[in-house]
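A quick write-up on the structure given underneath.
Chain nomenclature is as follows: A, B, C and D, assigned in order of appearance, with residue numbering initiated at 1 for each chain independently.
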Amino acid sequence: MMNPALRDAVYRANRRLAESGLVHGTFGNVSGVDRAAGVFLIKPSGVAYDALTPDGLVAVSLETGHAVGGDLRPSSDAPTHLEIYRGFDCGAVVHTHSRHATTLAQARLPLRCMGTTHADYFRGDVPVTRPMTPEEVEGAYEANTGLVIVETFRAGGLSPNEIPAVLVANHGPFTWGADAFEAVERAEVLEYLAEIEIGLRAIAPGAERPADVLVDRHYRRKHGPKAYYGQRQP
Amino acid sequence: MMNPALRDAVYRANRRLAESGLVHGTFGNVSGVDRAAGVFLIKPSGVAYDALTPDGLVAVSLETGHAVGGDLRPSSDAPTHLEIYRGFDCGAVVHTHSRHATTLAQARLPLRCMGTTHADYFRGDVPVTRPMTPEEVEGAYEANTGLVIVETFRAGGLSPNEIPAVLVANHGPFTWGADAFEAVERAEVLEYLAEIEIGLRAIAPGAERPADVLVDRHYRRKHGPKAYYGQRQP
Amino acid sequence: MMNPALRDAVYRANRRLAESGLVHGTFGNVSGVDRAAGVFLIKPSGVAYDALTPDGLVAVSLETGHAVGGDLRPSSDAPTHLEIYRGFDCGAVVHTHSRHATTLAQARLPLRCMGTTHADYFRGDVPVTRPMTPEEVEGAYEANTGLVIVETFRAGGLSPNEIPAVLVANHGPFTWGADAFEAVERAEVLEYLAEIEIGLRAIAPGAERPADVLVDRHYRRKHGPKAYYGQRQP
Amino acid sequence: MMNPALRDAVYRANRRLAESGLVHGTFGNVSGVDRAAGVFLIKPSGVAYDALTPDGLVAVSLETGHAVGGDLRPSSDAPTHLEIYRGFDCGAVVHTHSRHATTLAQARLPLRCMGTTHADYFRGDVPVTRPMTPEEVEGAYEANTGLVIVETFRAGGLSPNEIPAVLVANHGPFTWGADAFEAVERAEVLEYLAEIEIGLRAIAPGAERPADVLVDRHYRRKHGPKAYYGQRQP
C-alpha cells in the first residue's frame, strides 16, 4: 500500500512548479516514488496545472513501467522518470523546460560551478548529456532519455547525490531530490544559476573558476555530517 | 449566419493576449474566421484591450475585405489577416510585437529549431519573410504583408500546418491555428522560444542543431495520427 | 489661473509611471505645462511615489524657473523640464532611468529605428546627446542638460514632434508629448524598444535597417492628416 | 540594553528584502547594529523569510561574535557582518545573491560607474574583492570574507561611506548603510545597476566613462553638505 502522504506531496509540488514560472502551459512534470510500494506518482499527460487534482496523479509501477489503476495516462515522460528512479537513489524527479536551463541544454554546454550560489546546491558542474543516437530516439525514446542521464553520471564518475541535476542535450533540465519539495527547489535554483551563467558567458567567457576549496567549503556548509547551515542540531 | 460561439472565443483570446504580456498598449490583435459565413472577426483598430467588448469586434468579409456592419473600424492589420485566411487553411490568426520574436524579426533571422521545446510546436525553423519592396509598402501595404507571408511558405516549400508561425522582417510575428485559443498559445510559445534563441545566439552562435529524428519524434508525439501526448484516445 | 484638470492629469501620470516599472524608488518625474498660465507642475524632489498627492505637485514658473507657492521643493530636474518647454512645443515631459534606455544612454548609442514597432511612435532614430562639458556640468547643470537636449535636435535637424524622445549621454531618457499620458506612454514604448535594440545589438550587430518607405508608412499610419490607425474620423 | 526600535527595523528590512526579488529561498540576510549595546541583530540561519518573526532575529555580540540569548543559530554569514561592523562605520549590512550583481562577482569584474544613476548612490566603481586564499577559505571562512572586504577598501584607498557596497569574488554582493532600510535600498539599486552594466558590457564593451565632474555633481546632489536633492532643509 502506498504512503498516503505521497499523493498530497506530489500534488503540491506540481502546483508549486506551475507557480514558479519554470513551466509553460502543460510543459513539465513532478513525480515522487514509494519504493516500498513499488510505484511512483506522476502528473497525467497534457493536463493543465490548474485542472490537476491529487486524484488525477497517475501511479506507475517501478517494475513494469505501466500505469497502475486510474483512467488517465501518465506523463509521456514517465519512462524517463522510471529510469532515473532505477539508476539513482532519490525520492522525487522534476522535469521542466525552464528558459535559461533549456538555453544551456540547446547550446550543449554544462552549467559550470562558477560561484558559491552554485556550490550551496551542486558540488561541481551540472553536466549535459551526449546527444542521443538515431536508434535511441527512434526506439524507446523516453526510456532511453533516462538511460542517457544515468550513463552521464556513471561514465563521468559523478555523484547524483552531490550533483542532483542534469541538462539533456537539445531538450531541457531534470532535477531530483529526497522528496518532491526538494526536487522542485533544485529546479528553481538551477534556473536561477543558469540565468547567471548565460550572463557570465555573454560578458566574460574566459572568467576563472573559483578554487575547489571554496566550492567544497560552501557545499559542506549545507550538506553532510559537518554542515553548519540552518537550524539542524549538529 | 455566423457561428455564435466565435465572437466569444475571439473576445476571450484577445483578453488572454493582453494578459500574456505579449502586447503593449493597443499593439497586437486576434481574429477568428467562420468560413461558412464568409467573415472573420477582428479587434477594432486602436482600442485598448481593457475597453474591448465582444460586440466591439468587427466582422470583415472574406470576399471583399470590407467591414460588415458595426460602427468601429477593424484593426489596420485586417488585410494581412485576410490574406492569411485566403492562403492558409486555419481558423484564427494572432499578431503581436512581442519583444524577443520582434528582435529576431528586426535581425531578419529565423527562429531556428534547436530543441525539443520548439519541435513540440513547430516542425522546423520558423521562417522570416523577405523585406518588402518599396512598391509593396507604398501600395496595399497590409494586404501585401499577408501575401509575402504566404509566399514565404510556398516558395520555401513549408507547411503552414506544421510551422504555424512566421516572422515578418523588421516587423514582428504572426501565428495561426485551428481556433483563437490555439493561435494565442502558439504566440506565447513562439515568444518563449525566441527568448531562448536570443540567449543561445549570444553565448553559442555555432551551436549544433538537433538531429532531424529528434525533431520529428517530438513533433509526432503531439501531432498527427501517432500522437501519444495528452489524454486523447488513440 | 491654471487649468484645473492639469494637476490631476500630472498626478495620475506620475502614479502610472511608478506602476510601469520604469522608475526605481524616487527616481524619475513627470511634469505638465499650462502655457497660458505660464507654469508647469512637477513632482516634488525625493518624494516616494506612494506618498505623492495631487496637492504635493509643485508649480514652477516658465518665466523665472522658480517654484510658485507651496512648501515643497520641485524635482531637482525641474530646470531640465523648463528648457524642454522653452525649446519644444509640447505639453508634458517625462524623465526616467529605465533600465534598457539607460543602458543605451551609458553606451552613448542612439536607439536606432530598426522596425515598425519603433516607426509607429518615432520617425527615425532616437538620438543621444553629446557628453556635456565640465563647464556645463559645474555650472547650471540641470538647465544645461535641457539646453543640450534642445541643441541635439536643432543641430541634427530633427523634429521634436516626430521624434519625441532623447537619450542623455551617461544619464537616461526624456520623452515628451501633448499631455502627460502621452509622454508616459512614449517612455514605456521607448523602454520596450530599447530592450529589443539591446538584444538586436547582442546577436546581430550588423543587421540591416528597414527601408525608409516602411518607416514612413508606419509612422504615417498613426500620425498626420493621412493617419488611418484607430477610430478617429478620417 | 538594546535600542527597542532596532528589532522591528531589522525585521521589516528582512521582509522587504524577501519581497524585492533579490533573494531566493533562504538566501540572503539583513543585520542592524546597536553599537552602544555592543550587539547586532541578524536573520537566523536557514529560516524561510515568511517564517521569520521579530523575536526570531538573533543577537550577536560585537565583542565575542557569539549569539547572545535565544534558541536559534544566527545566519552562517554572521562573522562576515561582524567584521564589516568592526571595519566600517555603518549601522546595517545586507547580503544577497541577486542575479546580476552575482554575475559580476562571478566574472570578478567591478560594477563600473558608467552614469548618473550609479553616481546618485555610489561615488565610483563598486569594487570586487581579490579571490580568497585556500588558507582563508579553510580557516575562519566567514570572518575572513569580512576581512577581505575591509582590506579591499583600505588597500584601494576607497571610502566605505561613499561606496557602500562590494562584490565578493565568486560569491555575491554586500551593501551597508546608516540603517537597515538604507542598506536594503542600496542592495536594490546595486542590482538595478548591475543589470545595466551587464547589458552595457554585452553591446558596448569599450564604452567611454562619464567625466569625473559628472559623477561628482550627481553624488553631491544627494550627499554631503551641499546636497540639494529631496526635501531636507539646506
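The rule we apply is simple: contacts are C-beta pairs under 8 Å (C-beta built on N, C-alpha and C of every residue); 3 or more make two chains touch, one makes a residue touch a chain.
Being a predicted model, the structure only gives us computed values, none of them experimental.
Of all chains, the one whose CA centroid is most distant from that of subunit A is C. Distance between subunit B and subunit D, defined via averaged C-alpha coordinates, is recorded as 47 Å. The mean-CA centres of subunit B and subunit C are about 33 angstrom from one another, to the nearest whole unit. Shared interface positions of subunit C, i.e. residues touching 2 or more other chains, are given as 202.
Because contacts link each chain to exactly two others and close back on themselves, their graph is best described as a ring. Annotation, chain-chain contacts: A-B, A-D, B-C, C-D (touch as defined at the top). On the side of subunit A, the complex with subunit B involves touching residues 24-27, 44-47, 72-73, 76, 97, 99-100, 102-103, 105-109, 131-132, 134, 137-138, 141, 169-172, 198, 201-202, 205. Listed in rising order, the residues of subunit C touching subunit B in the complex are 114-117, 120, 185, 188-189, 192, 195-196, 199-200, 202-204, 207-208, 210-211, 213-214, 217, 221, 228-232.
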